[in-house]
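After this come two complexes, each holding chain A, first together with chain B and then together with chain C.
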Partner chain A sequence: MSDEANKGLLSPLRRKLLMGMAAVPAITMLPRASFAQAPATSAVNTTGLAVTDTEVTVGILHSATGTMAISETGSIEAEKLAIEQINAMGGVLGRKIKFIQEDGASDWPTFAEKAKKLLVNDKVAAIMGCWTSASRKAVLPVMEQYNGMLYYPTFYEGLEQSKNVIYTGQEATQQILAGLNWIAKEKGAKTFFFIGSDYIWPRTSNKIARKHVENVLKGKVVGEEYYALGSTQFNSVINKIKLTKPDVIFTDVVGGSNVAFYKQLKAAGIDLAKQPLLTISVTEDEIDGIGGENIAGAYACMKYFQSLDNPNNKTFVPAFKKMWGEKTVIGDVTQAAYLGPWLWKLTVEKAGSFDVDKIAAASPGVEFKGAPEGYVRIHENHHLWSKTRVGRAKLDGQFELIYETADLVEPDPFPKGYQ
Partner chain B sequence: MTDNRFFNRSELIGILVLAVFLVVVLPLTLDVFRLNLVAKYLTYAFVALGLVICWGYGGILSLGQGVFFGLGGYCMAMFLKLEASSVENTKIQSTPGIPDFMDWNQITALPFFWKPFNSLTFTIAAIILVPGIFALIIGTAMFKRRVGGTYFAIITQAVAAIMTILIVGQQGYTGGINGMTDLRTLKGWDIRPDHAKIVLYFFEVGCLFACIMIAQFIRHSKLGRILVAMREKEDRVRFSGYSVANFKIFAFCIAAVFAAIGGAMFALNVGFMSPSFVGIVPSIEMVIYTAVGGRLSILGAIYGTLLVNFAKTSLSETFPELWLFGLGGLFIAVVLAFPNGLAGIWGDYVQPRIDRLIASRKSKPDGWTDSSVADGAPAE
Partner chain C sequence: MFGDYSIGDLGSIFVMQGFAGLILFSVYVLMALGLAIIFGQMGVINMAHGEFMILGAYVTWMTSNLFQSYLPSLFGGYFFLAMILAFVASGALGMLVEWVLIRHLYKRPLDTLLATWGLSLMLQQAYRSVFGAREVGVELPQWMLGSLHVTDSIEVPINGVFVMGLTVLITIAVAYVMFKSRWGRQVRAVVQNRIMAGAVGINTEKVDRYTFGLGCGIAGVAGSAFTMIGSTGPTSGQLYIVDTFLVVVFGGAASLLGTIASAFSISQTQSTLEFFMSGSMAKVLTLLAVVGILMLRPQGLFALKVRK
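Let's turn to the complex of A and B:
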């Protein structure tokens, strides 16, 4: 992102010192995990993973180059932060985490190749990685064939569940339903206009949203339009919005298209302060590119905002900024990526083993009280219980929390009645 | 010269060396994971081979070979995907028995053009014929109108872009940007375990040598000489009474079919097919493999493909954040210093020395003309 230069300037020593400091509050967060007696390697690793008496190796697999690098950099940073913090408090089962980073290069087959390399050559105990659905779909058969463990951070379309994956982001119903309920109640919304990028995630999300609007909220979808990834011309759909005058614009446009979309919306005189817009695809990271002045007033439905006011987040945000620079912003997925190494550590300690089968079996019920989003717990279906939150974009590019569900929302990757 | 229909003596040695390298050396020295990577690289070697015929000899630069690679790959992937989407494998879907991405896109019945892909025979025929006929159509439309050179390159690039948009846009029928993933079995034979990867590797090497033989045959036939003549002075060939367009169409079709075979091999070896192999960028990359290897040399193109891909993998493993610069530097260095690629280095520097060495040992080699003349480069 914008402060690439900043990061490079941190000397390794300074970074280490900062890391140590950053981890101090984390220790108080999780007292029971520290200073565990290290059990014998033969006992905790029966399947030949890269575990020694002092070290355990995990893989980080994201796009450091290519079009997705802008989105995935935050995830890489969060995962490295979590690993450093875990190491600073003694590691996992007495072993320091060493990571091998591979570049998926925004290319799905490369993701599959690198995942295979990490599992077969490097024998990593777990992989933190993938971002787009396409990369996950490419990696999934590899994970299942070679019995690896993937911690996947992005909110996604659902319709998937695997023994070999822990989904630390929200599946579609967790992200959408509570947000739609809220806006229908708060704004009395009855008519909705859907705009999305043309691939599986927006299409599935909109399918779920449409069923919910029509069957539960008894409202009406007055338009549904899709644009190719990377598209920058939204004038025709903006004209349709002006004609149909929907109560709510519901968008899942992704990546760079967002910049064009919100600028053109503003240029067309649609004032987001008066025209409610609910997006499930814009986080703080995207606003960096869109510009706060173009999107201020829009509502986003996420599970995490950088501005969340809770003790965990108040230690997490400064630690992140110390490691990666003052100007970095932390979006929903970045936070979900931060959960990956922690959940893995907690699961390993619960299972008392690095074996993938035991981790997969021990995962349900693992809870992470130190999560910046508050508290999360792994469900039997390997997704997370988490809250849904609605935030309103402000001029400075941050979100103001408007609404959050009272309880954790149950993950439901195969929602009945929404297929 | 001991020329026969396929190769002269030095080419025979080159082919034998390549055969030993691919069939003996690599399988013995690499583990299955790396060998599978080589299998993946070699799928591009088919494309590079086609480009040698069409670009190196025929002078037709195609920047859209990814289209044919994709067509071949998608034909194969459709067959494999149908087999992986049996009713019991897809119980969880709202419509069991169709590929998962169709179910996600609310398609409830198998589209008609998918149905023939239940048959392996049809699939194999389609892998050859679909790209072949498509190339025939493009070739006829272009070359009969005497569109060539840069214009042709630009049009092939546009075709590549259109094809990507088509595949991504029709995601219910093609899997969209995700592509077709999770391919499992071929006629009930699991293509994923290690022993299957080894079998597939040798099968692929076999196909590659068959294609090399075809390329060698074309090169040594009259047809090959006409292609070279056409590249050098198209008008003279035309005035001599040859139909230039037909020869160009033929070369283009051969390149397309080779690329398609590569694509099909890719789907088999990698278990995956996606639009990211079809577009402009992969198509240009394929041209780069050929350029690095030497566009005039059949064997050079194969070594070039292996080298570039190997560099890509190892650089990206060692420097995940900087590797693209390294790769870019490699290309610039090769093109600046050795415009004829690896084969050029071999032909200009290595082979003359070997020849001189042999000549000094044997005072009079029998059945072999003066070695300083024995065409130094494997290139023409």
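Let's turn to the complex of A and C:
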């Protein structure tokens, strides 16, 4: 936590420079509504949120300590960057965004408690937060009971939709189907071996993937294996992979297990340049721990890679590194977390109000043209329309973009025929 | 399930599966040795064992960075130096912890559980503050990557062989120190009867400190070796702690031989089961078997016979 605090205290000069630089490209792309005369507080805030004539308070709720800090640190960083940039452009409805950061400490009841504190005591206008599905499920009833607004960044299994949540990551069908189609076409893949960590996200994702392989691609799943979270020994399953010789290994292993899995795969002599492997759980963040040499050649299927070549991303990546250090990498979820504050700002401006009910109603159709991943739009079901991309891991830990869908993929959290 | 495969395929898979079991066995022994010394010989439930391992892993990471920046020509051999440094660092931290914390709690084993658990949280947060919350990737020299090509279908991971060799070496060293050296005799004397050992002139406090240091140092070496097969992050130590205690308790707390026998039976059961069913089911069945056996034999596989 002290780590976070220190990083937040940049010198005022550096901070100003940074804000200016980061904001320049974005300003040209976004409506200038924020520079208009600020409307009266009584008009934009009828439900007693923490909004004054000059400030509006939001909450950031992630794990800065505990197991999940490894993953959630990037999201915290992205959200702080977005808030700084928005403030540098004049804030939201003429008000600067102030944030209160709470630590969920990788503990789900703590997440619920802190969410309640943010909504009831601090009366925040929105919360950027949660990472694992477990933490979101813990927070959801609180959001619904006290009518808050949550911007949730992680790609997840779907099967959920709430008036009080905007899902800025992809749900499972968005992420998986395009990738499977691509690899089936490109590599002529017919047989698949699934391996995942044993909890809801990999199990639901693999269920969707299996239906797609069997019913649509007319292929065969030759193995489906789950290992407890935190497992570090994969030699047996690697032998099974060698025995069944699948065309594609499809993985959603997470956390420390990820590192162990790829290191042991490489040590067992499986060459990812010859044995196609498609993962939906490895971003640039994970490669930092796995080591580029252990995973080079693997394909990842998600919506964002740090190496994307578009004007938005070319200003986003340097701004992020300027704020958090040259060595920081930006993974899919980090980018999705960056969208949260921006989408909220755009929605507030569209609704002309901070009221949660009005924001929930105004969300569908909100577009963000400045997203590093490219244009995104909020769907009726509160998920995002977004493109799906396949990247190939390189030795230096970055992905090389291999394929992207021509159009935005529609989010479908309750996919028919896949449950 | 074997109908579709040729005899040759099956043969080589069984060979490789055998290796997988042996590698798992070595990993378990390496994890558990340090704890077996501390828990077995001193009765201290060291919940921070995993964090001592991760200290070793971080030392390895720093050494590899140093070699890359200053001595790239010697990079191929850095791992050996890293293991020695890991032993020294974890051992020194262990002796410090013993002096500050553990020695006040020898008569209260349950309190050591709480105290060392608190210590593990503090260490995790310290790693997070110093090294950052994200995992770090330890780069290995080229010769340690990949596998030995025995036949077309049999490949043996080099890092697995390395861990096996290391385990054998450390086990022999520990056995020698405990059972053949003068110092080992003192340790065993203190374990069996602290007051009498003190009466015949053994400095029991010093013996305690070095024993704890040795256990932690071995944990450090294990952590260093595990950078080859696992992750290095502030909370990675937690991945090992349950399995480690399982091995030590199942083996019978005070017996080194028991630890080895228990590591062998657990690893073989698990890796065989893993081959025939999914990973989580294999784990469940292994744990069930262990619980069942412990119900029949609460003292573990091997118990030290002491005249009370």
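Just so we're on the same page, the second predicted complex is superposed on the first by the 402 of 419 C-alpha atoms of A that agree within 3 Å, B and C clash if a C-alpha of one lies under 4 Å from a C-alpha of the other, contacts with A are read in each partner's own complex, and residues count from 1 in each chain.
Quick note on the criterion: contacts are C-beta pairs under 8 Å (C-beta built on N, C-alpha and C of every residue); 3 or more make two chains touch, one makes a residue touch a chain.
As the structure is a computational prediction, the values presented were derived from the model and not from experiment.
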Figure out whether A:A228 sits in contact with chain B (first) or chain C (second), or with both, or with neither. both
Contacts for A:D198 in the overlay, against chain B (first) and chain C (second): which applies, first, second, both or neither? both
Looking at A:E102 after the superposition, I want to know if it touches chain B, chain C, both of them or none. Which is it: first, second, both, neither? first
Per-residue touch tally on chain A - higher for chain B or for chain C: C
Let me test your reading of the model: by the given contact rule, A:V348 touches which partner, first (chain B), second (chain C), both or neither? neither
Contacts of A:V254 with chain B and chain C, given as first, second, both or neither: neither
Just chain B (first), just chain C (second), both, or neither: which does A:V237 touch? second
For A:A64, using the defined touch cut-off, is the partner it touches chain B, chain C, both, or neither? Pick first, second, both or neither. both
Name the contact category of A:K266: first (chain B only), second (chain C only), both, or neither. second
With the two complexes superposed on chain A, say which partner A:M302 touches: chain B (first), chain C (second), both, or neither. neither
Do chain B and chain C land on any of the same chain A residues, and which? 64-65, 198, 228
Chain B-facing residues of chain A, complex: 64-65, 101-103, 105, 107-110, 112-114, 116-117, 120-121, 133-134, 137-138, 140-141, 145, 157, 159, 198-200, 203-204, 207, 228-229, 414, 419
Residues of chain C touching chain A in their complex? 5, 9, 13, 16-17, 19-20, 23-24, 27, 125, 128-129, 132-139, 145-147, 149, 153, 155, 157-160, 226, 228-236, 238-240, 270-271, 274-275, 278-280, 282-283
Mind pulling up the chain A residues that touch chain C in the complex? 2-3, 64-67, 69-70, 73-74, 198, 224-228, 230-233, 235-240, 242-243, 255-260, 263-264, 266-269, 285-293
Name, in rising order, each residue of chain B that touches chain A in their complex. 31-33, 36-37, 40, 92, 94, 101, 104-106, 165, 168-169, 171, 176-179, 181-182, 184, 192, 270-272, 274, 276-277, 313, 316-317, 320-321, 323-324
